[in-house]
Structure formats: structure tokens, C-alpha cells
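Residue numbering begins at 1 within each chain, and the chains themselves are lettered A, B, C, D, E, F, G, H, I and J in the order written.
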Amino acid sequence: MEIETFPNPNTERPYVIQHIQEEFTSTCPKTGHPDFGTVVFTYVPSAHCIELKAMKEYLQGFRNEGIFYEAVTNRILDDLVKVTKPQWARVETIWRGRGGIRSVLTIEHCPKGYTGPKAEPFRY
Amino acid sequence: MEIETFPNPNTERPYVIQHIQEEFTSTCPKTGHPDFGTVVFTYVPSAHCIELKAMKEYLQGFRNEGIFYEAVTNRILDDLVKVTKPQWARVETIWRGRGGIRSVLTIEHCPKGYTGPKAEPFRY
Amino acid sequence: MEIETFPNPNTERPYVIQHIQEEFTSTCPKTGHPDFGTVVFTYVPSAHCIELKAMKEYLQGFRNEGIFYEAVTNRILDDLVKVTKPQWARVETIWRGRGGIRSVLTIEHCPKGYTGPKAEPFRY
Amino acid sequence: MEIETFPNPNTERPYVIQHIQEEFTSTCPKTGHPDFGTVVFTYVPSAHCIELKAMKEYLQGFRNEGIFYEAVTNRILDDLVKVTKPQWARVETIWRGRGGIRSVLTIEHCPKGYTGPKAEPFRY
Amino acid sequence: MEIETFPNPNTERPYVIQHIQEEFTSTCPKTGHPDFGTVVFTYVPSAHCIELKAMKEYLQGFRNEGIFYEAVTNRILDDLVKVTKPQWARVETIWRGRGGIRSVLTIEHCPKGYTGPKAEPFRY
Amino acid sequence: MEIETFPNPNTERPYVIQHIQEEFTSTCPKTGHPDFGTVVFTYVPSAHCIELKAMKEYLQGFRNEGIFYEAVTNRILDDLVKVTKPQWARVETIWRGRGGIRSVLTIEHCPKGYTGPKAEPFRY
Amino acid sequence: MEIETFPNPNTERPYVIQHIQEEFTSTCPKTGHPDFGTVVFTYVPSAHCIELKAMKEYLQGFRNEGIFYEAVTNRILDDLVKVTKPQWARVETIWRGRGGIRSVLTIEHCPKGYTGPKAEPFRY
Amino acid sequence: MEIETFPNPNTERPYVIQHIQEEFTSTCPKTGHPDFGTVVFTYVPSAHCIELKAMKEYLQGFRNEGIFYEAVTNRILDDLVKVTKPQWARVETIWRGRGGIRSVLTIEHCPKGYTGPKAEPFRY
Amino acid sequence: MEIETFPNPNTERPYVIQHIQEEFTSTCPKTGHPDFGTVVFTYVPSAHCIELKAMKEYLQGFRNEGIFYEAVTNRILDDLVKVTKPQWARVETIWRGRGGIRSVLTIEHCPKGYTGPKAEPFRY
Amino acid sequence: MEIETFPNPNTERPYVIQHIQEEFTSTCPKTGHPDFGTVVFTYVPSAHCIELKAMKEYLQGFRNEGIFYEAVTNRILDDLVKVTKPQWARVETIWRGRGGIRSVLTIEHCPKGYTGPKAEPFRY
């Protein structure tokens, strides 16, 4: 997996970047039915920022993959942390629901001892 | 009571799962009239995650049961904690109201010494 | 079926009455799963108006009945027209959805030649 | 009943005036419980316009009166038409509901042959 | 009174222009208290369009004038029609209210025989 | 193509059924990028009503098809009219947008001489 | 004053109950004009929970009482604390306003040393 | 000026296409300050449909042009009608405002005798 | 300057009072153009509460005064603190904007060592 | 770069000023396409406050500049801090999105040891 990045234009102070993709879809590994949701990636960059078109295409890659909410949210965080090596990061997924139940998952990557800025939970 | 679970796909870091069921109904034990509400279950899984279809059917089981707001909210938390044994959990019930009064109940299961992530109150 | 009515306090001019019940539930005859929706009854009374408590209890009677959207909407209109014999009437049902699809049904009872007031569609 | 009016400042062309009182309360004649709602009076004045303070006090007069939705809506229209003798008028009452059912009533006073302006239904 | 206009850039087909000023204030001639509201001027131009800065200053001229809702709405329509000589025009005033009652006034200038475009009522 | 239907439970009076699928996706034939939108199917049934699960699966069939907005909206209407043979029908598609431009398409199937009920445009 | 209570079904862990009455009215002791507002009572029960119908009737008792915002909010808290003896409690009153000014009052009953759960401010 | 089109995939029945660009900017010819607004183009195609990317680039062309609201709205309609030769068309521009006044313009291209479908005004 | 107060009915426990005036206007000292905004005064009373009618008239006194946002917000806080001598206070002003820029100012009066209740920021 | 300031009218206590410009546009350095967003500048002034017209013109200067989200947000904070030398400051940029992804950036200027007031994140 390759996701393009570009150099962080200001590495002197930590700051927060949030990307909100409201057009995410994967499929349920049990039923094969499609799932629809919003993916919010929030991070404090170190040396690299994620390139938006690359992130969009990365997320499109799940379109026909059968994967549970819990697994896909963990994997997106792992993948994006691997390419950006951020000071802090969080993935939130907000799902339109199955069987009348909507779901929201929140996973944080917070290296021990990090005391820099974080973002409030996304208000969906 | 049996509620199906599946293995937590990532037990290395704690994270938050929230399921929102906006189609909950039980009945008032005093008047027999139906109550309508939203049930929000939020938890940090340990070894197991709750299966969504199983949770939906569990909640449907209250449809014709006469039970007060306070009792049903406590029971849902107890039942879901028993099957998932989470690191942390919370049940919120938001009721459409009786006699012009709307009600909201919030019950947390927080084992002593837990210092992991929690979720903000649900914004109904 | 008996639904209580009371005399229309003003039979000199036609006017529109709308009752909105946002807490309606029946069950799907195919899957047995519950359906949740809003029932809107709008009418121009003749000699009788429907009593609200009686209408509420009538609608509660569908709670455990297995019936399709199309059938229940037609039946509510038929039943309420039979007891109120209105100059004009309409039932709208707005359903929370099944399998990601929300539905809205609209059925009008409009005797030939009626030229009196009607109500705009309900804005759900 | 006396409700103060003042001369219409422009009797050359018909125009529409709408007054919206969102703080209306009366009581239910059956149960004695209070009802809460919004009263919207819309009219095309002839020689007189209704004075706002007088209209407010007139509506406050229903505070402790036991009266059904249908009766109070008809009476407000009759009373306000009697003092203003408008070219056209309408009263809409939007009630917060009893037993989970919200209600909306719409009564128009439209003299035969009137072809002047009217207002769209109030969007509550 | 002078309100600047400029030539209508397209006199070949009729079209609708709407200007919405949400920062209008005048004073109540009875109590001296300030009134706050929104003024919406909608018209189909003939040879001239109203200049926005001029219209803004014209409306600011009512700031310390004591004038009733009915009178000010009629006067604004008269004044703006006089300077623009439109094919059709309408003024709507939406007031924040006095004594709990909000008001909305709608006055149309429609020359006999006009069959061109009009605008829907403003949704406040 | 086979889409399951069931007999219309009331063929004596025409009435309106609306199904709203907010989880529709297809792909752009030019760029291959996914499109996301809402599909609204509204119709007045003749002898048959469309079965919801069948309709859902029919719409899921476009998931990986490259097709323009204009073509897919026409095709859905053609397909659904073929299986339900309704008295009247309409398809509306509301797209989340490409390049900052959101789009809405509305196509009606209205047999000559039809004078029965229709539905207002969908308010997205 | 007697307000019915019932035994707290779960005294083992503290939890939060919130009752929202949006139909509250009292009168201004200075002008005699009615005041309208919302009363929110939030508490952590000890041995007793407040019965909803009893609370509704208690609040209706202020209908014709002349009392200032500050006094009525303090009194409701005092009265409800006296009957429920909660671990923690709060009353919020949100008023529709007088003379263009809306008001919100918040009074907390927090016994010294209480460290249990509280609720966030009500979002009106 | 060249704006790419593609063949209308269904010329057998008239239907409505609406494109909403919420990121439009031009400049005021008097002050040089930027104007921001939304451009809504709605039409019933004949032989050709407008290509979205081409329309986007056409609208971007106004970015640094000094032009009044009235002129730009007329010109967009003229330009888009010239390239698409539609059965019916309308341009609506909704401006964020200058000096506290927001503006909305609506211009229709309706060939004499056209009786096909139109779209309701855009609800901004 | 004299602003009427009345005795705090409950000096035994600190509590929060918030008054929201959405109809504030002053003028810009540079251009003379009017400014419109909302003024929120929140405080924890000591011995005195501010009388609402007096506060309303005090705020009306700025109607024709030329004063910057920063200055007027500071002055309102100073004036209201002087007459009420509160345990804690805050003024927030939310302005409709000038030249496309909206502004919000927040000034707190917090005597050293104060540890009583405060209110969350006003959500405009 | 010169951005006009004026003396802080109250340097005795720290307070928060927030300016919200919802009409910001720059261009993407990669594609040349325009970006649209909202810029929120929040600060606690020291000796100087930023003049609003100057700030507006400063932000307009980015209209035709090709610059990434990350770079422009950092630069605005640097520039505004340089001219106002505030006790604390923050820039938030909220972008309408590219390729279906909306972005939000938050950069704080917080001198070491600063313990004065801050503002909550902007709720876009």
C-alpha cells in the first residue's frame, strides 16, 4: 500500500488537521450487503502530511471489501499512521446503520507521553 | 439470555464503539401504555464485541414487557455488560415522553481504576 | 371496532383537523420484525370529530399485528372514515425504514364533487 | 368582549397581516390538564387592524378556560372576525399534543366572492 | 427622497430580483420601544434596478422613526415602487415580536393585467 | 431483470407510495470515481406493488456500473415502471456532487390522460 | 406538599435521571402577565425516584402563581430535593422571554464531598 | 465560449436536470470587492446535456470579472441556453450579501407554448 | 447610570442567571453605520439580581451611540458588574457582521479565588 | 504586509475576540482549481486589536494565490500574530472540500506559561 504524502510546511509547532470523507462504503462480510458511512481522520502531523487525492483513493479501495466496522476502523488508523507517522491521530467512523441501529467507532493513536493538541470528537 | 458476540479484532489498544437504536419500545407497568425511546450503548471492548443483529433482537424482547424507565435502563446495561465484559460501558435511554415530560437516563459501568477512553454524552 | 367521537362544535363552515401520532408501531408480516412510523390523520369533519384518546388506543391496537405498509395505511383510512364520516380525509404514514429504504404513503378519501378545504401534504 | 382596533393605514389595496402567538394555553374540559399551543391569526384588513396588546390580552383570557381544540379555534376566529370585519381571515392552532398525538387545526373565514390575496399555510 | 437606480441590463425578458435586509429597526409610536425585523423587497424590474447601497441607506432612515408595522410596510412598498417603477413588486416584513407575538406583513404591488413571473412567499 | 412484486391490497382508489433509498452508489463512466446519491421512487400502483427487499437489491446492482446521472435515472424509471405498471410514477435522484456541483434529476412517467393523485417534489 | 416517589430499582451504582417539562407556565408577580418556559430536573437518586405523573402535577401547581424566575427555580429545586433526597440534583429553567430578553437559570444541589456522576448542561 | 455537451440519453420524454454550484465568486464592478454566491442551473434538455466539468470551468471564468448580480445572472442563462438549446431553463443566483443585504435572482427561459415539466424554486 | 435591582431570593447557594438580548444595536464610530448583535449577560448573583425591564432599557441606551465592539462589550460588563456586584459574571456579544466578517467577544469578570459555578459559553 | 490595528480599549483584563470570515477563497497549487472556506481568527489582545476592514482586505489577498490548506492556515496565523502580538491566538480554517473530502485545520499560538482565557473550538 502506497499513500502519497508531502512535507509538513510548519514543523515548529504542533497543529491539528481533520479530513472528513462522507462518501465511504464497504460491504458486510456476513451478508454481503453494502455499508455506508463517514470516515473522519484527524491528526497532528510530524514530518509529513497526507495528500488528499491519495487518501481519497485509499478509502475507495474498501468499496468491494467485506469487512466489519470494528476491523475497518482499526485498519484505516493503522494504515494512515504508518504512512504519516503523526504525533497523534484518531479515526472516527459514523455508519448509517443496519437493522435500525446506527453505529459510531472512535479509535485513537496516542503515543505515550504525548501532551500536544487534540481535537474534540467529531459532531456528526 | 444469549446474545451473540465475536472476537474483538484489535485488543492491543482500547477504543470506543457506540450503537444507537432509535426504535425502542416497551410498556409502562402502571398504565399499560407503550413507551418509545432511543437506546444508546457505548463501550470499550475487551475480548468480545457485541454482534449487531443479536443486539437488535435482544432489544426487541422488551416490546411487550411492562417496565419503568429506571429499571429497563439498568437491566440493559447489566445484560450487555454480562455478555461483553467490556473495559468500560454506558447505556443512555432517551424517551419521547409521557404527560408532556421527556426523560433521559444515563448509567455508566466503570470498573475501579479504569483510565482508558470514554465517549462524550450522546447528543439527542 | 368502536372509536369514540364527539359532536362537531361548528358545522356551519368546513375546516381542517390534523392529528399527528409519531409513536406508531406494527410488525412486518414477512419477517416478524417491528416497523416504526408516524401516522398523520387529516380530515374535514361533518357531524362528528374523533376523540383523541380513542384514536390513540385504536392506533395502539396495531402494535403486535403483522401487516404491510400498504395494507395498514388503507385500513386506518377506512376505519377512521367509517366512524367520523368526514367531508374529506387523508392518511399519511411515514416509516423509519427497512433495509436502508424509508417509505411514505398517502391515501386520500375525497367524495366526488367535494370542493371544500384540504390540507397541504405533511412535511415530515 | 372588547378588543381594541386602529384604522387601517392603507385601505386602497388589500394586504396580508399575520400575528403568531407561540405562548397560548387553555385547559382540557375533560381532564382539567393544561393544553399548550401556538395561535396564528392571519387576515386581510378592511377598515380596522387589530391592536397587538389587545389581541395578546384577549388570548390570555383562555388560560383557565376548559375548552376543546375544535371549539377554541372556532371561537377565536369568530371573535377576531367580529371586531376586525376583515376581507379574509384564518386561524391556525398548533398544539404540543396529548397522549403522544400532536394536532393542528385550520379554519378560514372567506366571504363568498372574495378573490384578494391569501397567505400560505403557516409552517410550524 | 432620492434612491439611486441603474439601468436594467436585460429588458427583453421579465425576471425576479429579491433583496433581503435582516437588520431593520424602527420604533413603536405608542411606547417608543424599538422594533426589529427583516424587510424583503422582491420585484420584476422595468427600465431600472435599485442600487443596493442606496436601498440600505433608505432603510436605515427608519431607525429612529415611530411608525406602526402596517404603516411602515405600506410606505416602503410605495417608496420603492415610485423609484423603480417595476412591472411587479412585493414587500414582506417579518418582525421579532412584541409581547410574545411575532408578526409578518405582505403587501403586493400588482398592476392590472400583469401576467409575468412572481416569487413565492419568503420563508422566514 | 426480475424484481418481485405483490398484489396491491386496495385497487379501488388510487394512492401514492414513496420509497427513499439514501444509500445509492454507482460509478462515473468517465473517471471511474464513485458517485453517491439518494434515489426516490414515487408511484401510484395499479395491480402490483414493488417488494422493498427486491427494490433494494435491484438498486444495489448499480454499485459497480459506470453510468451517467442522466442515464441511470432514466433507466431506474424504465425498469421500475416495467415491473409495476403503475398508474403514475416518478424517479428523483439527488447526488452529493462532483467538482463542487451537486445535481438533482427528476423524471416523471405520466400516461396521457392520467388525472389521479401525484406527490409533491421530494424535499432533499 | 406531597410528591409521590417510588423505590430506586438500583441503588448499587449512582446514575443520572433527567426529566424535561417543556410546558411550564407561571405568572409575573409585577405585571400579572404569564411566563412560559421549560423546566429540566436532573438528579442522581438515592433511595427514591420521583414519579412522573406526580412531578407533572406538582409543576402544574405554579400555573396561576405570581413568582419571579429566580424564586421559582430555587423553590422547585428545594421541593424536589426534599422529596427525593438525591445524591446530586440540578434544576434548569429556560424562559421564552419578556421584552425581547430570554433567560436561563441553573441551580445545582451538590452535597459537600459528592464525587459521583453529573450531567452536562441541558442544550436548549 | 465553448462548453462541452453530450447527447441526451433519453429524448423521448422531457425531464428536469438541476446543477447546484455553491462555490461561485465574481467581483463587484463598483468597489472591486469579491461577491460570493450559489448558482443553480435547472433545465429540460433537448438533444444535449451539459457536461459537469465543462460547466464548472465555465463558472470559474467569472472569478475575477467585475459584474453586477443582474448582469451575471442574465449572462449565465444566455450562455447555457446557447450551448444546450434546452426545452426550458432557469438560472437562480443566491448571494451572501453586501452591506447586510442578501439577494436572490431568478431568470427563466421559457419558449412560447412550452407546456412540459418545470422545477419548483430552489430552496436556499 | 441607574439600573434597578431586586434582592436575591436565595443567597445561601451560588447559582447562575443568564439573560439573552437578541435585539441589540449600536453604531460604528468610524462609518456611522448601524451594528446589530446579541448581548448575553451571565452571572452568579450576590445580594442583588438585575431587574429585566431595567436591563432592557439600559441596553437600548446604546442605540445611537458610536462605539467599537471591543469597547461596548467591556463597558456593558463594567456597568452591570457595578450595579449587581456579582460573585462572577460574563458578557458575550455576537455580531451579525460588517464586510462579511461576523464577530464574537467574550469578557469574564472573575474575582480572584472564585471557585463557584460558571456557565458554558453561549451557543449562538 | 501592513494590517491596521487600533489600541485595545481595555488592557486591564484579558478577553477573547473572534472574527469569522465565511467568504474565503484561494487556489490549489497543484490543479489551479479554486478552494473555498471559512477562516476563524480568535485571540486575546495585548496592546492592539486588529481593524476589521484591514483584516478583510488582508484575507482577500489570497484570492488568486496557489497555496495548500496547511500552508495558508499557518501563514495567516503567523501574519496576524505578527501585527497584533496577542497574548494568545488561534486560526481555524474550514474548507468546503475537494474530491468529496472536507477538511478542518486548527493552529494555536500559545506562548509558554500563558494561563489566561481561551475560546472553545469553532462549531462549523
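The working rule: contacts are C-beta pairs under 8 Å (C-beta built on N, C-alpha and C of every residue); 3 or more make two chains touch, one makes a residue touch a chain.
If you're wondering where the values come from, they're calculated on a predicted model, not measured in any experiment.
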Contact-graph separation of chain B and chain C, given in steps at minimum: 1
Minimum number of chain-to-chain contact steps, chain D to chain I: 2
Type of chain C:chain F copy interface by residue overlap (half), same or different: different
Centre distance in Å when chain I and chain J are each reduced to the mean of their C-alpha atoms: 26
Centroid spacing, where centroids are CA-atom means, of chain A and chain H in whole angstrom: 37
Separation of mean Cα positions, chain G and chain F [Å, integer]: 50
Where chain D touches two or more other chains, by residue: 22-23, 33, 36, 96-97, 99-100, 123
Chain D-touching residues of chain C, taken from the complex the two chains share: 6, 8-10, 13, 15-23, 45, 49, 52-53, 55-56, 117, 119-120, 123
Sites on chain G touched by chain I in the complex: 68-71, 73-74, 97-109, 121, 123
Complex contacts: residues of chain A adjacent to chain F: 22-23, 25, 33-34, 36, 60, 63-64, 96
